[in-house]
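Some structures to go through are shown next.
After this come two complexes, each holding chain A, first together with chain B and then together with chain C.
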Partner chain A sequence: MNLLRNYRIEKRSDIGVPAQVLSALVALAVALLVTAILVTVAGGDWKDAFVSLYGGAFGDKGAILESLVRSTPLILTGLAAAIAFRGKIWNIGAEGQFFAGAIGSYWAYLTFEGLPTVLLWMLIFVAGCITGGLFGLLAGVLKAYFNVDEIITTVMTNYIVTYMLALILSGPWKEPGSVYRHTPQVPDYIRLPILASGSRLNLGFLLALLAALLFYYIINKTPLGFEIRALGSNPVASKFKGISVSRTVIMTLLISGAVAGLSGAIELFGSQYRIRMDLSTGYGFTGIIVALLGGLNPLAIIPAGIFFGGLINGSIRMQIITKVPTALISAVQAIILLFLLASQAITRYRIRRIRDVE
Partner chain B sequence: MEMKNTSAQIEKENVDYVIQTKGLSKRFLNVVAIDNISVEIRKGEIHCFLGENGAGKTTLSNCLYGYYQPDEGQILYKGRPVNISSPSVAIDLGIGMVHQHFILIEPLTVVENIVIGTEPMGLLPRLDQAEDKIKSLCEIYGIDLPLRAKIWQLSVGQQQWVEILKALYVGVELLILDEPTAVLTPQESERLFDVLQQMKEKDLSIIFITHKLKEVMKVSEKVTILRKGEKVDMVNTTDVTRKDLAHMMVGREVVFRVEKDEIARGKSILEIQNLHVANDMRQEALLGIDLTLYENEILGIAGVAGNGQKELFEALIGVRNVDHGKVILDGETITNHSPRQIMARGIGHVPEDRIKMGLIPDFSVAENLILGHHRNPPVKKGISIDARYIQQFAQECVSSFDIMTPSVNQKTKYLSGGNQQKVILARELKQQPRIILTNQPTRGLDVGVMEYVHRQLLQKRKEGSAILLFSEDLDEIINLSDRIAVLFKGQIMGIFTSDKFSLDEIGLLMAGVKD
Partner chain C sequence: MLNEFFKAAIIINILAATIRIATPLLLAALGELVTEKAGILNLGVEGTMLMGAFIGFLVANKTGSQGIGLLAAILAGGVIGMLMAFMSSTLKVDQVVTGMGINLLGSGVSLFWYRSAYPNFSLSDAALPTITVMEKVKIPFLSDIPYLGPILFSQRMLTYIAFLAVPVVWFFLYHTKFGLLIRGLGENPRAIDMKGVNVTRLQYLATIFGGMMAALGGTFVTLGSTIRFFPEITAGRGWLAIVIVIAGNWQPGRIMVATLLFALLDAFQLQLQGIGVQIPYQILLALPYIFAIIAMMGGRLRSVAPRRLGVPYQRE
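Let's look at the complex of A and B:
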C-alpha cells in the first residue's frame, strides 16, 4: 500500500509525433504477440501461421498487388472515419454508407448505360458519393438541429441500408435465374481499368491515394478543415468566434458519408463487379481501426490500410497452409484496436515517483 | 532569523497546531509557484491565505490537500511529519478542500453526491441513514439545503454547500476553502461566514483563501500574506488595518491605477433596448436591459457574478438567443444575428474564460490569431488559407503585443495565462473593432499583464472604440470606466458617471438595495 502511494500517474504535457508512431508500433507488436498465443492455444503453429500470413500478404509481387486491391476500400473507409473523427464527430455508419454508395452507383450505371465510358464513370462515382453522403447528411441534420447523437443514428442507418439492400437483391435487381442474392455482373467496358496485368489492381487504388491527398489538403489548408479541427478541439470557442457548429457538423458528416459511398462504388466497379450482401466484409468498421492506427492522419492512413489489406489477403494463404481459419484475422483486428487504444492512453500519462519524507 | 524564531515556537506549541509546513517549495517547469513557505494553523482557527492571483495561495493549499507534491519542505499534521501523497491520504487524515470548481455529479441528488465514494454501497445502497446524518449536520451548522434535489437543480451557491457537507460528512478537522465567495451573493457570503463561525466553535480549523481584504477582516483571526510565491508575513487580523494588508499583498503603497486621459465621448453606436434573455436553465436572466454605448467611452458593468453578466455578454456576441427586446447598431437592428455577422460589423470580444471560450488550446498561436477571420481575405486566398500570410501576421502580433512564445507555431495551451490573454487581445484588437465587449479581461492575470490589458483598452478608447467592460473586480471597473452601470438580478439598478462614483452607493446597488 505504502509502496503504491509513493508513485503517482501524471498527465504528460506533450506527445511528439515520434512517440505517437512508437506507441502505434508497440501496440502492433503486442497485438501480434497475443495473436501468436491465440494461435498456439488453438493448436496451431504460430511461426508457420505468421510466415504464411506474411507470404500471402507481401511475399511476392502478386501477393503485394492483391493486398493493395484489398486495401483500397479500407483506405477509403479509413479516410471517411478519420475526417469525422477529426471534428470529434463519431460516424460509425461507414458500413451502411458504403453499401448505399454501391447501390447508388449501380443505379447510375443502369440509368445512364450507353453514355461514353468516362462520363459514365464520373456519373457512377458522383452517384456513389451522393447516396453515401445522403446518409451522412441525415445523421448530420439530426445532430445539428435536433441534438440526436450521431453514434446512434449512424449505427442504426447501417441496419436500414443493409435490409434495404437485402430487399433489392431479393427482387428487382436480382440476377435472373440465379439462386444467389446478387446482381448480374457489370460488363467489361465499365469495370475500372487494371493497372498491372495479371493482377486485380485497378484504378480504384489510385483514386484512394488521391482521396487521401485531397483529405490532407482540405483538413490542413482550407477554412472548412480549419473549422472541423477547431470544432473537434473546442466547440464553445468555435461558436464564440463565429464558426457555425451546425453547418460544420453537417458538412463533415456529408463528406464522411460521401467518401464511404465512393468506397462502395469503387469496390463494386473495381473489384467485385456485382453487388452481393458481402460486397463489404465489415470494411466500414475496419475503417475505424485503420483511421485510429493512422492517427487520423490521411497520409498515415495509407500504410495502415495497406497493412490491414495485407492481413485480410494473407489470411487466405494462412488458412490453406496451416489450417488456421481466416476468422482469426477478425480477432487480430480487434486485438490491434484494443492495444492501440490502451497504448494511446498510456502514452498520455507517465508514472512518477514521489520523494519520500525523510 | 525569523525562520529560526518560528521553528522554536513550533517546538513549544506543537500540540496546538492542526497543520504546519516547514520551508515548502513547489516549482512547475522551473517556474517557482511557492518558495520556502512556513505556515501554522491552530485548532479551531479561521486562517486566511491572502494574496493576489498567482501569489501561490492555491498551490500551497493543493500541497496540503495532496493534490501536488512539494519539491522541498515538510508538512506536519498534528505535530507529526506526514507524506500527503494524494487527496485520499489527506481525507484519511482529516483534511477536506472545496475547490473553485466543484466536483459534483449533476444528475445525482445531494445525498448521493455526499455519500458517493465514502463507503462501500453495494448494488442497492440504503441512503436513509446517510440522509439522517446529513440532516443532523445541516442542523448543527445551520445549513439550509434540499437534500433530495438533484445537483443541476441547485444554484451555484447551494452547490458549494454540498461540497462543504461532503467534507463535514467524512469528519474533517481542517477544511480548506478556495475563494468560496467568488460564486456567492453578498447575502450568501454572510451565511457562509455564520456557518464558518459555527464550525470554529466546534473546534474545526478553516483555511480561507481569498484576495478580498474585506473578507479577511471580517472572518479570520490569523492571516498569512503571500506575494509572488513567497510568504510576506503572518499576522493577527486584529493587529492590522485593511491598508496594511493591501500594502503587504501588493508590495506597494497605493493600489495600482492606470492614467486615463480626459476624452469627451463621441456619438452613440450601440443601443440595447428592453433586452430579455434566458439563462441555461431557461429562467429569465435579463429582465429588460436598456443601455447605450458611445464612441470613446468605457461603460463598466458592476455586479456580483451570476446576476446576468454572462447572459448579456453572450446575447450581444450572438451566441445566446434574445427572447425580447432589441440590439441596434448604427440604427440597424442586429438582434439575434449570428456571431459571424456580428463580428463582421466590427464588434470584437474578450470572453471571461480564455481556454474554454476564447481559444482553441490545441491550435498554434498563429492559428488562434486568425480564428474567426479564417474565411476572410487576406487570410483566405483562393479556396485555401494562406499559410505564409498567417505566419507573417502572427509574427507581427507577437512583436506588437509582446506575446512570450517560443514560436508562433507553439500550441496555445502551453502558453501562460497572461500570454494566452494577449493572443486573444491581439486577435480582437488587430481587427480594429468599433465596439469591444470584455468580460473579466484580467481575471487570473498578474499585475503586469493586468496593467497591459488596461492600457490596451484605454488606447482603443482613445482611438474611438466603444467598450463594454464586465468585471467582478470593482477596482478595475472604477479605474477604467467613464460610466458604471450596476447589474443586479437581471436589471440595471443605476448608472453613474465618472465624476459621481460613490463606492458605497455602487456596493449597495450590487446587493440589490435601493433607497
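Let's look at the complex of A and C:
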C-alpha cells in the first residue's frame, strides 16, 4: 500500500497522435479477443473464423477490391458523422439520410432520363445530396430555432424514412411483376464506371476518397471549418467570438446530411443498382464507429472505413466456411466502439510518481 | 342500436390497446427518469430494451418458463446498465457516444445470438422458434365493471406493475432520503460528494435500475405480446421512452400522461389498420415518430431537466 501512495493518477494535458493511434490499436486487439470468446461461446471455432474472415477480406486481390467496394459507403457515412461530431453536433441520422439520398437520386434518374450520361450523373449526385441534406437541415433548424435536440430529430427521421421507403417500394416504384419490395435495376449506361475489370470496384470509391480530401480542406482551411471546430471545443466561447452558433449548427447538419445522402446515391448507382429495404445494412450506424475509430480525422477515416468494409466482406466467406453468422460483425462493431471509448479514456490519464511531481 | 354497440366496442378496444401499448414505454421511461435524475444521460435504452426482449424470448423458449425468461432479461438489463455506469461514471467517457455504443451492442449481439441459437430455421414462418405469450390477469370484481373493467383490469401482470411503478418511483424520488440524494446528483453532485456520499456508487445504482426497467419493458415486447422474435423488434420504443421523459418534464405523473398519449396514437393507428381504412399503413406506423418530433418543439418552455445531466462529475 505504501508503494501505491507514491503514485498518483493525473490527467494528461494533451494527447499526441501516437498515443491516439496506440489506444485505437489496443482497443482493436482487445475487441478481437472478446470476439474470439463470443465465437467460441456461440459454438464456433475462433481460429477458423478469423482465418476465413481475413481471407475473405484481404486474402487476395479480388477480396481486397471487393472490400474497397464495401468500404465506399462506410467512408462516406463516416465522413458525414465526423463533420458533425467535430462540432459536438450529434447527427445519428446518417442511416435515414442515406436512404433519403438514394430515393432522391433515383427520382432524379427517373425524371431526367435521356440526358447525356455525365450530366445525368451530376443531377443524380446533386439530388442525393439535396434529399439527404434536407433531413440534416430539418434537424439543424429544429435545434437552432426550436431547441429540439438533434439526436432526437435524427433518430426519429431514421424510422420515418424507413417507413416512407417501405411505402414507396410496395407501391409506385416497385418492380412490376416482382414479389420482392425493390425497384427495377437501373440500366447499364447510368451505372458508375468499373475501375478494375473483373471486380465491382467503381468510381464511387474514388469519389469517397475525394470527399475525404474535401472534408480535410473544409475543416482545416475554411471559416466554416474553424467555426465547427470552435463549436466542438467550446460552444460558449464561440458565441463571444462572434460566431453565429445557429448558422454553424444548421450548415454543419446540412453538409453532414448531404454527404450521407451522397453515400446512398453512390451505393445505388455504383454497387447495387436498385433500391431495396437492405440497400444499407446499417451503414449509417457503422459510419459513426468508422468516424470515431478514425479519430474524426478525414484521412484516418479512409483506412478505418476500409477495415470495416473488409470485416463486412470477409464475414460472408466466414459464414460459408465456418457457419459463424455474418451478424457477428454487427456485434464486433459495437464491441470495438466501446473498447475504443474506454481506451481513449484511459489514455487521457497517466500514472506519475509523486516525488517526480513535487 | 347495433351501431352504438359497435362504436362502444371499438372505443373499448382502442383504450385497452392504449394501456397495453403503454406498458413497455412506461417501464423504460420510469427507469430512464431515475437514471437521468442521477445525472447520467443513458441513450442506450433502445439497445437495452432490445436485449431484454431477446434474452426474455431466448430463455423462455429454451427453458419453457416465462418467469425464468423475465428474470434473465432483468439481469441482462442490469449488466448493460452497469456497463453504461462504468463508462460514464468511472471512466467519464462521453455519454452520448457510449449510449450509441450500447444501442449497437444490443442490436448486434441480439442478432448474432439469435442466428447462432437457431441456426437451422428456414424463412418459412412456421419453422421459426416460438414462445407462449403471458396470460391476461383479470382482477376479480374490478374487471367486471362495465367499460373500465375490460380497459384497465383485464391486462397482463407487467402492465399492472408498470402503472404501479409510477407512484412508487414518485414516492421514492420525492419522499425518501435516497431519492433526495439521487436527485441531488443531477443538480449538484459536488454537494452530495461533500456530504461524504459515494457519488459513483449512487450513479451505478440509478443506471443499473434504469437498465433493468428498460429490459423489463423489452420483455413485454416479446413475452407480453408476440410468440416470435425478429431482429430490431423493439422498433424505436427505447428512443420514444427518452422522448417521453423529456415531454413529461422529468416528472413521473406527466411521464405517465405522455406515455398514454403516445400509446393512444399507436392504438388508434392499429385500429385504423384493423378496420381497413384506405391510408397506407406505413404512414400510420410513422406517426408516433413524427409526433415525437412535434412534441419536442415546445422545448423552450421547459427548464426542469437535471442541471448536470450528461456531465461527468469530476472531483477537482
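The definition used in the following text is that the second predicted complex is superposed on the first by the 341 of 358 C-alpha atoms of A that agree within 3 Å, B and C clash if a C-alpha of one lies under 4 Å from a C-alpha of the other, contacts with A are read in each partner's own complex, and residues count from 1 in each chain.
The rule is simple: contacts are C-beta pairs under 8 Å (C-beta built on N, C-alpha and C of every residue); 3 or more make two chains touch, one makes a residue touch a chain.
Please read these numbers as outputs of a predicted model, since none were measured by experiment.
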Contacts of A:Gln333 with chain B and chain C, given as first, second, both or neither: second
First, second, both or neither for A:Ser233, with chain B first and chain C second: first
First, second, both or neither for A:Ala166, with chain B first and chain C second: second
Which of chain B and chain C A:Asp149 touches, first, second, both or neither: second
Chain A residues touched by each partner, larger count belonging to chain B or chain C: C
Where chain A meets both chain C and chain B, residue numbers: none
For the chain B and chain A complex, residues of the former touching the latter: 69, 74, 81-83, 85-86, 89, 317, 319, 338-340, 342-343, 349, 351, 356-363, 367, 371-372, 374-375, 380, 383-385, 387, 411, 414
Complex contacts: residues of chain C adjacent to chain A: 43, 83, 87, 91-94, 96-98, 100-102, 104-105, 107-109, 111-116, 119, 235-236, 239, 242-243, 246, 280, 282-283, 285-286, 289-290, 292-293, 296-297, 299-300
Chain A to chain C touching residues, read off their complex: 38, 42-44, 90, 92, 142, 146-149, 151-153, 155-157, 159-160, 163-164, 166-167, 170-171, 282, 285, 288-289, 292, 323-325, 327-335, 337-338, 341-342, 344-346
Of all residues in chain A, those that touch chain B in their complex: 5-6, 8, 13-14, 217, 221-223, 226-227, 229-230, 233-234, 236-244, 354-357
